[in-house]
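What follows is a pair of complexes built around chain A, which joins chain B in one and chain C in the other.
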Partner chain A sequence: MIIRELRLCQARRALVTAPLRQSCLRALTTQTNVPNTQKSEIPSIFTSNARSSSNTRKRRVDPDKMVENYHMATELKKHIGKVGATVKKVYRPANVFLYPPGPKDVTLELLMASQAHMGHHTSLWNPANARYIFGIRQGIHIISLEETAAHLRRAARVVEEIAYRGGIILFAGTRPGHMQIVTQAAQLAGACHLFSKWTPGSITNGEVILRGMPATVVDEHDKPVEGYEKFVTESRPLVPDLVVCLNPLENYVLLHECALANVPTIGVIDTNAEPTWVTYAIPANDDSLRCLAVIGSVLGRAGESGKKRRLEDAKQGTVAWETPIEVQKFMAEERANAAREAERIAAINKAQSAA
Partner chain B sequence: MSGATVSGATVSPGAALLRSSRMFSMPAPIPGPSGNFANATKHYNASATTNFPTHLSVTTPATSRMTGDWGFKRPLPLRTTLKSTIPLIRVKQVDSIEHVTDFVSASDHTITLKKYQEMHLPISVPPEDPRASREATISPKSVFEEDGDVLAFDQDQAIELETKRWRFKGPWLAGMTDGDFNKYLEKTVRTRRSEFRAYLKEHLATTLTNKGQRSVLEKGTGETSETVTAESITDEQLMEELKRLREERTELYTHVSRFLDLAPVTTELALMGLGRMAPGQSRNVTKGSPYSYTGPPITHPSAGISYLRTRNFLENHPIYGPQLNHAPVKARVLMPRNMAVAHFFPSFGLAGFVPETPYGDTVFNNRASFASKPKPGDKHLHQFDLEQRGGSKIYLEPSYATIGPNGVIKIIATDPHKSMATLIAKEMIGEDGADVYGAHKKGIKRSEVPRSPSTRPIVRTYAEGGSATYGMGFEDLTRGT
Partner chain C sequence: MSTLRCSIRCLRDIRAATTTAISASTKCSAIRRSFSTTVRRQDEGLQQDLDMSDDGFGTRIPFVRPVPASPSYFSRQTQFQDSFVRVQELARKYWRLPRLPMTQVERVAWKNKTQYRLMVGEAVRETDYRACMSLVRKLHQIHPDLMPDEVKEGIQPFRRDINVYLNIARQIPVDKFGRSHGVGKRKSSVARAWLVEGTGEILVNGKTLSDAFGRIHDRESALWGLKSTDRVDKYNVWALVHGGGTTGQAEALALAISKALVVHEPALKTPLRAAGCITRDPRSVERKKPGHLKARKRPTWVKR
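Right, the complex of A and B next:
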């Protein structure tokens, strides 16, 4: 018995250790055995960097257990796959543009996360903003989040109602980085945007500066109406019905012109800005793009909902806005002209038939 | 004042939010290292790394960094903040009068801390006498040892732990300037004169009681001595005691330092001999505080750099198993030894620190090389290597670290003596063609005569390698073949 085991053991060892002779292989296989004489040569550009074969460590060749491991992992996942916490990505900077928050989403948390509370250095303050200031921290004034939220909601209501009444809204933000915010808000609300310099006098001296600018007359469904070409070319340039300004400090001229032309304005007022420059102030940090993106998207969403409500009401036959007096005058003139023309043609027809 | 306002001040939801916000939880900067008066006349680099950080390091996720959003008032300029691999800033001012956020990179301290913690080097108690640091280097004592790391102690414990604790109510007199000392006398000490007299009376009462008891015991008559109370001590007695103490300076200093809880100062050996000049009297001279020579630390002696207690653990190698020595750290030769400019020891840059090398006959301070030419292997310690990219490097073994009273981290590094640990560290990164594994393979001797099939090699089944080599000896790796 012992001898048998020894033989078995030795036989196995012999099978494992003894190299297979080439002749054996030839007898076992049907295919011709081509000896691999060509050695793969290293390209010459790598030879200088290549390590010599004597230097390389011999790696142990493990048996391939990929399939086995895969099955084991799937089996394991079946039992413990759902155990543990899932890490959720809560904040993505692009979310404010991908899913713009509306007035309903304004929370103190959102405002704080978007740095709305950070005012300016305490020595730069405008005392008129004292009512919005909560305190001092890290050398800066802290704007009260409740004030910001309340004023932002009020501004959103203003934008929504003006959009509902078919007013022209202008979103203006002229610092680098404001372009995306302003264009997005304008796109949402169906409004105008300004991200370059405000041409001074565009409101107060619009007849000269904006002469010959294209305009369209639309009906209550926002569809262009024909027959007003003469009016468009002859009438005075348009003036916005609401201006939203993200950086009032740099746009004093714009706000001043709005004040002269009785155009209401909404502005983001930081602790160093003058709150009387704008009609509706939103006390917030005007330096953080993140904060301005939130404010812009909230106001844009407000304008969007106002516009949507206006178009829906128009379908039901309710129109909340009145035709501007200039257009009414033009229409009356046109109507009179048409009547006169009709009379004239009728007279000619009458004369012709009498003859 | 009504009770309602006292009991609970309710805050608005916005205020509660703000209080828990990250900007509000930024700690106020700690005072920076005090200026060295010697630097006033020297060249002073304003951008040099300070001894310790004073501001919080702030970082931001990559997505926010792309837009410059670091959570502060305004986006930070991308040109400066997008350059570094690991974003770290310290904000000095969230907004300044110039309408800018004042910030600088905080990589210096933060990365240095990371590198330090990678060395697994605990902070030790400084040596009692820095001139004899050898003992402390050999058997370093952690700053977290219970006997020395005490913050809450009563009067008796304060005296008991005099030579061990690191926190004292009073100043370190040896480190005070004249003006500071005068101010301290004026403001703090003068006002406590009567308190000190009461303290002395108390002490005198105890001494007299003890004295009486001893004399009664010596007589052996079985009488009991009466207890002397502080109230019973007359002004004359106190005056006499004061006169005596003025002569006994060592004893007076002990009383004063205990009363004011002064940080210990060194008691030089000359003072120890004073007892011999007054025979028949014993004096207790406290000695041995690690902080007496350089002054007590400004923070906890670990300074929060490392919370390790010891370095006595084994590092594991993926192939070779547990290692006897720690992996040495690659250091840069900042300044080779240059006798011409009296730079007697080479300077190294080790994990952001310039370590001290031990005195004595080491590779850094080779006595033989003073006279003769340096060994070819140590050439980089003696002259600049202009050819090697990044300068020459050396492997060092950090052994001991302490923090000085000014917040400077002092590391003592030794030469790993071209040990196996260095070879393995080199092999890990494929440096210098170091190949421990291959070298062992080469070391196997094969018999020149081909083996006959009958003399098969005996497969040894027992494990080799003792605690000295951890299976790393040459003979260990040859087994089983």
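Right, the complex of A and C next:
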């Protein structure tokens, strides 16, 4: 629909002058604004509002010096970056990710500095955690850091041994800041991570929920092996052999499924959490990302050392794990099929030679 | 480890079987098992098969185990989460590289959530995708001469296969007779108009304008592009219109004429747009729905 009354005056105003191109034929016809067009070829709307060229200061277009400046700055920093006082013992939040502490670095000071001892308000406590609690201060429970360190070291041993025995470890942390913690721990330990919601039934109903997820078959040196494509597509989805949960309160379903499937779990248990939900509890503050980053990196480092030990032993010829029964069955079937096929071909060849 | 777990399961199954054998007959236990909802592991059966199929050569079983191909195996969104983690890593790594202002960055058509979901076939959440895309856009702002290759690879899955911003509109030519051609549509009418410099003669489907459109309003609509720019007596129009009613035909013609006019005089595009002759009116008859009498009208509610 064209709204004439509204648009007319606007359009008219826009057309004080004649168009850009004029042909001879049109020049012969009656024109209201011929003199105007002869003056300038550009329609007035393009010039009327603009300042005339003599008044406008020409904007200088600088050549792009971004790259040059960047290189110069890095070069300068190389020379003068170390000038000045050196500040020691400074807390940098990224250091826990840049230089992740391992099980050997777990000290009460580190745990205290990362606020692992801060529990919840005394009214929120779960009495089952009484043995991990050191006392009450300013209305909140204080977690005993000796307990925390001992349990953390024990959990690190569990992770290390499971990594050594070639188990699948899952690091799960589903609160907003947990993504980096969980992914880094998984990267260190060569494990899996979960930072989004746990889909209920991924273990107990894995055939449906995790169907078609990509898996590979590896040998003792963690090198992928050919010839198991059929097994990978047809076999059941994988089940983790250990689950490390940073926030057990929100992941009850995950822990319950693990319990049903006999999967051991490690969980960070705050004073308001239920310690029986997990197999190996680590009493610590689960609301502090800094504390969880320390715990995650300690467990990740433990997994890393276990994995390293496994690969080294595999080079020496020692393997601490067995081929799963499903894979053995698949191999036996394949062998039987191959034998049957060979027999068939031999029979055909024999018949041909007899004829 | 999985073998350990399997053996524990076997033990549990055996224990269950023995207890049922004591309490009830074997038939009973079979029924119980067939009704149970948990997935029955057939590890005992597997083991027996293996024992039977053992060829006796004593060959060592190779060490082989299945592992997840991606660390996001248990999240059900392996491709997206792997890309997301990668993008976050890159953003953290290259945060200090100089970035161009938004106005100078090359325009790129990114996939939206629906397109991305279609590509990877995973139920990606809107909030996650938005968080990921904001990082991708920031990474794309890095100066092209300093952009590392891994960043290019990292943000590649979020680009659309076709960059629509590289498309250039085809120029409509003025042919050797000095005609320009424009097509316009409105409702279900389609109009084609040929404009030639002339004296204001107009033929619509071979008829004069007053014959083609009975209403004065329609006549004015059809020529609105020429009239609002004072070009009625400077061009001859020859037009074909079909489909729809008179209003649709007239306004389709207005669109066609103004498009053809812009070919002759490109500078008129802005005033024509202001006059409302450049934009296609997308409104048309709404479809009838089942359960409705018309598009939206519903039958009268009757209690019973």
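One rule holds in what follows: the second predicted complex is superposed on the first by the 267 of 355 C-alpha atoms of A that agree within 3 Å, B and C clash if a C-alpha of one lies under 4 Å from a C-alpha of the other, contacts with A are read in each partner's own complex, and residues count from 1 in each chain.
The rule is simple: a residue touches a chain if its C-beta (ideal position, glycine included) is under 8 Å from a C-beta of that chain, and two chains touch if they have at least 3 such contacts.
Please read all numbers here as calculations on a predicted model, not as lab measurements.
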* State whether A:Val263 touches chain B only (first), chain C only (second), both chains, or neither. => second
* Asked: Is A:Asn126 contacted by the first partner chain B, the second partner chain C, both or neither?
  -> neither
* Is the number of chain A residues in contact higher for chain B or for chain C? -> C
* Please indicate which partner A:Asp241 is in contact with in the superposed arrangement: first for chain B, second for chain C, both, or neither. => second
* To do: Could you say whether A:Asp287 touches chain B, chain C, both of them, or neither, answering first, second, both or neither?
  => first
* Asked: So, does A:Leu194 touch the first partner chain B, the second partner chain C, both, or neither?
  -> second
* **chain B versus chain C as contact partner of A:Arg137, first or second or both or neither** => first
* Asked: If you stack the two complexes on chain A, which partner ends up touching A:Leu108: first (chain B), second (chain C), both, or neither?
  -> first
* To do: For A:His117, select first, second, both or neither according to whether it touches chain B, chain C, the two together, or no partner.
  => first
* Structure fact -> Listed in rising order, the residues of chain A that touch chain C in the complex are 1-4, 7-8, 10-12, 14-15, 19-21, 23, 25-26, 29-30, 32, 42-43, 45-46, 66-67, 69-70, 162, 165-168, 170, 179-180, 183, 186-187, 191-196, 198-199, 202, 204, 207, 209-210, 213-220, 225, 228, 231-232, 235, 238-242, 261-263, 314, 319, 321-329, 331-333, 335-336
* Which part of chain B faces chain A closely enough to touch in the complex? -> 12-15, 17-18, 21, 23-24, 26, 63-64, 66-69, 71-75, 93-97, 99, 433, 435, 437-438, 441
* Provide the residue numbers of chain A that touch chain B in the complex, in ascending order. => 54-58, 92-94, 108-109, 112, 115, 117-121, 123-124, 134, 137-140, 142, 144-146, 149, 177, 285, 287-290
* In the complex formed with chain A, which residues of chain C make contact? -> 1-3, 5-6, 8-9, 38-39, 43, 46-47, 49-50, 53-55, 61-78, 81, 85, 88, 97-98, 100, 125, 128, 143, 145-146, 197-199, 220-221, 224, 228-230, 233-234, 251, 254, 264-268, 270-272, 274-277, 281
